[in-house]
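Note that the chains take the letters A, B, C and D in the order they are written out, and that residue 1 is the start of every chain.
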Amino acid sequence: VALFEAVYGSAPVEAATDDDAWLRAMLQVQRAIAVAGSRVGLIPPDAAAAIAAATEQDDRFDLAAIGRSAGVHATPVIELVNQLRAVLPSSVAGSVQLAATSQDVLDTAAMLVCRRALAPAGADAEALAELLAALAAEHRSTPILGRTLLQPALPTSFGAVCAARLVAVDEALVGLRTVVADRLAVQLGGAVGTLGPAGDRGPALLAQVAAELGLVEPVLPWHTARGRVGQLAAAIGVLAGELAGAAQDVVLLAGLAEVAEAAPGRSSSMPAKQNPARAVLALACAHRVPGLVATLLAGLPQELQRAAGRWQAEAGTLTELLRLLGGTAGHTRAAYEGLQVDPAAMARHLEQAGISLSGNGSDPEVDGRLSSELSPELGSAPVFVDRALAAHAAVTSAAAQPKEGAQ
Amino acid sequence: VALFEAVYGSAPVEAATDDDAWLRAMLQVQRAIAVAGSRVGLIPPDAAAAIAAATEQDDRFDLAAIGRSAGVHATPVIELVNQLRAVLPSSVAGSVQLAATSQDVLDTAAMLVCRRALAPAGADAEALAELLAALAAEHRSTPILGRTLLQPALPTSFGAVCAARLVAVDEALVGLRTVVADRLAVQLGGAVGTLGPAGDRGPALLAQVAAELGLVEPVLPWHTARGRVGQLAAAIGVLAGELAGAAQDVVLLAGLAEVAEAAPGRSSSMPAKQNPARAVLALACAHRVPGLVATLLAGLPQELQRAAGRWQAEAGTLTELLRLLGGTAGHTRAAYEGLQVDPAAMARHLEQAGISLSGNGSDPEVDGRLSSELSPELGSAPVFVDRALAAHAAVTSAAAQPKEGAQ
Amino acid sequence: VALFEAVYGSAPVEAATDDDAWLRAMLQVQRAIAVAGSRVGLIPPDAAAAIAAATEQDDRFDLAAIGRSAGVHATPVIELVNQLRAVLPSSVAGSVQLAATSQDVLDTAAMLVCRRALAPAGADAEALAELLAALAAEHRSTPILGRTLLQPALPTSFGAVCAARLVAVDEALVGLRTVVADRLAVQLGGAVGTLGPAGDRGPALLAQVAAELGLVEPVLPWHTARGRVGQLAAAIGVLAGELAGAAQDVVLLAGLAEVAEAAPGRSSSMPAKQNPARAVLALACAHRVPGLVATLLAGLPQELQRAAGRWQAEAGTLTELLRLLGGTAGHTRAAYEGLQVDPAAMARHLEQAGISLSGNGSDPEVDGRLSSELSPELGSAPVFVDRALAAHAAVTSAAAQPKEGAQ
Amino acid sequence: VALFEAVYGSAPVEAATDDDAWLRAMLQVQRAIAVAGSRVGLIPPDAAAAIAAATEQDDRFDLAAIGRSAGVHATPVIELVNQLRAVLPSSVAGSVQLAATSQDVLDTAAMLVCRRALAPAGADAEALAELLAALAAEHRSTPILGRTLLQPALPTSFGAVCAARLVAVDEALVGLRTVVADRLAVQLGGAVGTLGPAGDRGPALLAQVAAELGLVEPVLPWHTARGRVGQLAAAIGVLAGELAGAAQDVVLLAGLAEVAEAAPGRSSSMPAKQNPARAVLALACAHRVPGLVATLLAGLPQELQRAAGRWQAEAGTLTELLRLLGGTAGHTRAAYEGLQVDPAAMARHLEQAGISLSGNGSDPEVDGRLSSELSPELGSAPVFVDRALAAHAAVTSAAAQPKEGAQ
């Protein structure tokens, strides 16, 4: 663990986005191009097999040399190909990367890295959703003083507070899943997007690479049309923002002693202090996200057949974005894991605000009678909890369906 | 037309986002709440009719007074309600805004404003797509020197260049349409999201208002869960970015005298100069977009039951965003309208780069034979054009289907 | 007042940045060029006088036509010059704008607009600083519970809280004043920055225009070197952020009932509610600022002799930025104007946190004895107040010195 | 070298911002606090000496454990202090960190890290300025076709093009140096900014720590007043933007074959291609900067006595910012190092644009006669070069003066 790694990320996302992960992804793309190339008859099966075998041995590659070369040629792929060719018989070396250009390899690798990194980040967000759902159900009618503009307002239920965050996270997850399923596409166009060296087998090669990697087959190369990168970034940004909304509730309610993290953070100068440290870390991670999304969106209008700068800015920004989503999701989940809820404190604050509820503040009914009949001051809060739980069940069930192209 | 209005916007989007548009939208929301309230039995039909009638007369409202009040109370709705009540019989005045709070009215109005402003902006983008499709078809095999990192590279076809932008704009439009159809939702929750004053008729009221306005019915109020605003902003950001990509091609190719705008801009100090002014203006508008998207995404983690600042920042940012999308779409469309394409200049530049094509650079075949057979150096460029046109036809046809909830 | 004008701005800044303000500034630049041109012998004094006279009559200009032209030619200056020439004798018309290009006029006008708009915004920030200074002095030793990560921590004094914001605002003001004094420069370079038509009198012309307008004379034209715009934007961003820090204290302490705005905002659904509306509006304005600063910074690398898009994006962004600073400053000042401070509530919260102070919580000493001797738990808080007040006096006194070039 | 390290940074800045650099900086702060504490009599000299000795041995600290703890407690300092105390006699352990809190240590360490990282980044920028100055002098009157909106316009000199970038970089460097000298301050306030445990020796302790570290002594603690961080970020943003302006000239002029990098980048699919790779990498680095500046500016309004999220977001963002400035400066410098300039190509393009110069396009005069007398079409371009060189000499000489507090 590096110094700030656990602050700004989560272990599994870190592992899915580190140098080795990028290297493996680039090699996997080389492998897929070779295999696809042999399927469409551009190279002999033997050559493809040799390339595939070589790409499996990612520990034979000199990552530092690739990195240095990237700092000179503005792409890591030139030296990657050099090293790949160096371990192949000379008769096969020419079959490496076929009709593809550097950007094809790096873009497709980026899609693979994104898919892999989003899995654990998404899993943390899903786990958080389950925690929120459980709290929403348990506290369906637990009265809490609603605060607007941070001022005391009127009563709602703590379950409804959690339900609102549940729906927000679920809907953001749906958005992200849609992008992952529909927009993570193979890049393959060659030097200027014509797949020239593939002759008339360009489209077939493209289709085969897509099939091989389980990525979407694009209509045509998207070297300077980066909408899918923007959409991915935006979906990450929205999810991070909604997660942060849940984290912020913890921070604010912990400040009022209505909730507490199960394992609060300590202070170096106030030993007795119990900080909502994980929720604070989630806010810190999420705070860094919108600027990165803007960086990627600002990079959209790329020049002619290959951008001079905006494209080269993407890989680092995407890596940061994935890690920060991992951190936001991981920390928010941790903040809610075992969250200590204090209904008595909530009741006391209602009382101090001069609000008395006609119901008893608990939700003892098991026969489905609305607790709001007991505490009409809660309005539709319990009903909204029910709606949120039903929507959550539907979202969860849809997510469980196998997706085409997933891997 | 104000000084910078035509620079940073388009006339129809301006009209759909100006003060009157916001006022009318807020009044329409009040009307919908009243009508819905009478349908679910919260107020008498007479009261609803009186409110509805009053809200039709938007010229009776004192917009300046509403604006001044907004600068004091942090919402324009308090004074709007005052003025609305003032023109109603006192027996009806109490029926205004029912269980709703200010934010309900302004949020729902914002959704209406967005939908209305996105229509003409989208229409300009669609018109641009048609222009790109026509250019792609016409220049399917017109050779052009591809440029990577702005350096001369290898040949492609000008049609393929246009086709790549066509697909980008189409896919961004699909993304925006999805958000408009699925995510523009009614806001209705009352002071703390419980719809308390509506008793057990809260959910029914919510459903009726949604039906009345043709907006999505949310699972529950989203006062501090702003994912849909973020998704909308992001979809605008992606479309603006892809439009700017198309505009940038014009700027760069105009600099090489391969294309020219039909009505170029002039220079005050160089009378003979012909500037790709509309493409430049499109880039200017699009340049301003990512920062606004970041502002809205940064506003996502809102506090408890109503945010203290981040929510109040949205209306102005959304208005700017809509206008700038309008400007980006309008200017890019204008840049391509009647675009002068000079295949001879393109051919000359290929020649200067030492590239000779075996084909004749035109695309005379009408029997479907690939022109790349004539000019194999173009690789799959013509095929990619065909794929793009087919995809465009599919997107256009899908967009023509009536959408639920559209209005 | 337009619908959102009082929300996102202040009246004087609005007036200093509206269409008329921009028109007047552009005309003032034309006047300065003419006057300077006659001084260095490029045009006859009569011509300069005629131009100067014509530019005084800004009501004779058709702003809408200028705006429409700007939407076609990507600059308002072409039509502005047309209209200016139309009211001049033909013998004089050719003397308009001399060696200058459109960008020279608009850039220099932007500098004038910025200077004018920053005066009232700065005045509001200065008035806020005075209010903070008064509160710091009055509550030098008023105990308040310090909160870290929004959790109760240890005692400090409310005066020290205000003193920290005072220093922050003062230092940000110093930064802004430095930029205004040192970096608001004339732009004058002609078509490609050589001042070609001025022959060997280019530098003299530049110096005269700078003197005429009281702006800095740049080393050379800065058509595509926009550092000063970035520095200005950043200084605005820092001041807005520090102002928002002060506003956020009001929101948070009002939520704890330790302070209240003198004229709180109302709620449409909770008549009894007292919202810290002005502080919330300040936060809303400030929230919109960083995205705009990023837009201007992202616009810095401009192309060769005139940018294709990034420059054209500046005027609108600057206008927004100035207005939002005006709003942030105006609202924060209003939030503190007559701020109700409740030392008893502060004392109660300390007590509830189990903290008892050995002093009496007031600051009765007039002979200079530190109140922290009375309440040692306050540590150096009172001393820091004293330091802040001394620093404030120094800053205020420095600001009162006449600046070269100010006007 | 990690995979993307040489793309997005420079070796010396990387070294100055890596985990060890942060660890050493935090230990240095602990040392300074101890030493200062003994000077003002808060701890015995022996204790200070023991602490100082322990902090020198940074290889005894378990960085991974500190990192893991940071991910739990939202600060690395708690575990750092644990480890520091573990190697000290128990009698001394209590003297560690004295009146300081975690944030004091991390903030002050951040200032040290910034100062150290900015030195090599600044040195690269200064070296670039020298290269620009040399090109400006050499090509003072070398005619080049000026391009506005990327269209051919009128002649200027290549020296003037370089001079404009020189002035831009110099002025941005001045801005950055000012921030480094005036705004990098010690943070020392203890839990809530009162330096409570230091009794009445708080201010003396603060002064001593500042003296010890050569940092500015602030008026009072700035735990939630982050203007200096914003100013630092902005100064970095402006410098990165101006450097990118210079890099963009290389990219654009290389596209026209008027200049070429001395060691161009290669392409994986076009072996003959010569890419302006370093200039492209500079643009990529700089593109990532504005979003990070916005993140830090958006973090300015921090809450009460310690922020809940925005502060914790700073360290990672600052680290990225410093590295990207290093990359921008390093790559831009490399792009200009040995830049190949082709005056004949420049002359040819002027000719193709129908522009003939009356001078001979060279600058043979050594007696100070303006070459613009030879080529009057260049206007004041050569004079502006002279002004830029004079300004550069002044800036360089001022920078060479020893600064107080520098170290």
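The rule we apply is simple: a contact is a pair of C-beta atoms (placed from the backbone, for glycine too) under 8 Å apart; a residue touches a chain by one contact, two chains touch by 3 or more.
If you're wondering where the values come from, they're calculated on a predicted model, not measured in any experiment.
Comparing chain pairs B-D and B-C by the number of C-beta pairs in contact, the larger count belongs to B-C.
Set against the Cα centre of subunit A, the chain with the most distant centre is C. Centroid to centroid, with C-alpha atoms defining each point, subunit B and subunit C lie 31 Å apart. Work out the mean CA point of subunit C and of subunit D, and you get 26 Å between them. Averaged Cα coordinates give subunit B a centre that lies 38 Å from the centre of subunit D. Among the residues of subunit B, those touching two or more other chains are numbered 74, 147-150, 153-154, 190-191, 244, 248, 251-252, 267, 270, 275-277, 280, 283, 286-287, 290-291, 293-295, 298, 308. Interface of subunit B with subunit C (complex): residues 1-8, 19, 22-23, 63-64, 66-68, 70-78, 81, 97, 100-102, 105, 190-191, 244, 248, 251, 263, 265-270, 275-288, 290-295, 298-299, 308-313, 315-317, 319-320. On the subunit D side of its complex with subunit B, the touching residues are 147-154, 251-252, 254-255, 267, 270, 273-277, 280, 291, 294, 298. Listed in rising order, the residues of subunit B touching subunit A in the complex are 74, 146-150, 153-157, 160-161, 163-165, 167-168, 171-172, 175, 190-200, 202-203, 218-228, 230-231, 234-235, 237-238, 240-242, 244-245, 247-249, 252-253, 283, 286-287, 289-291, 293-295, 297-298, 300-308, 370, 372, 376-381, 383-384, 387-388, 391.
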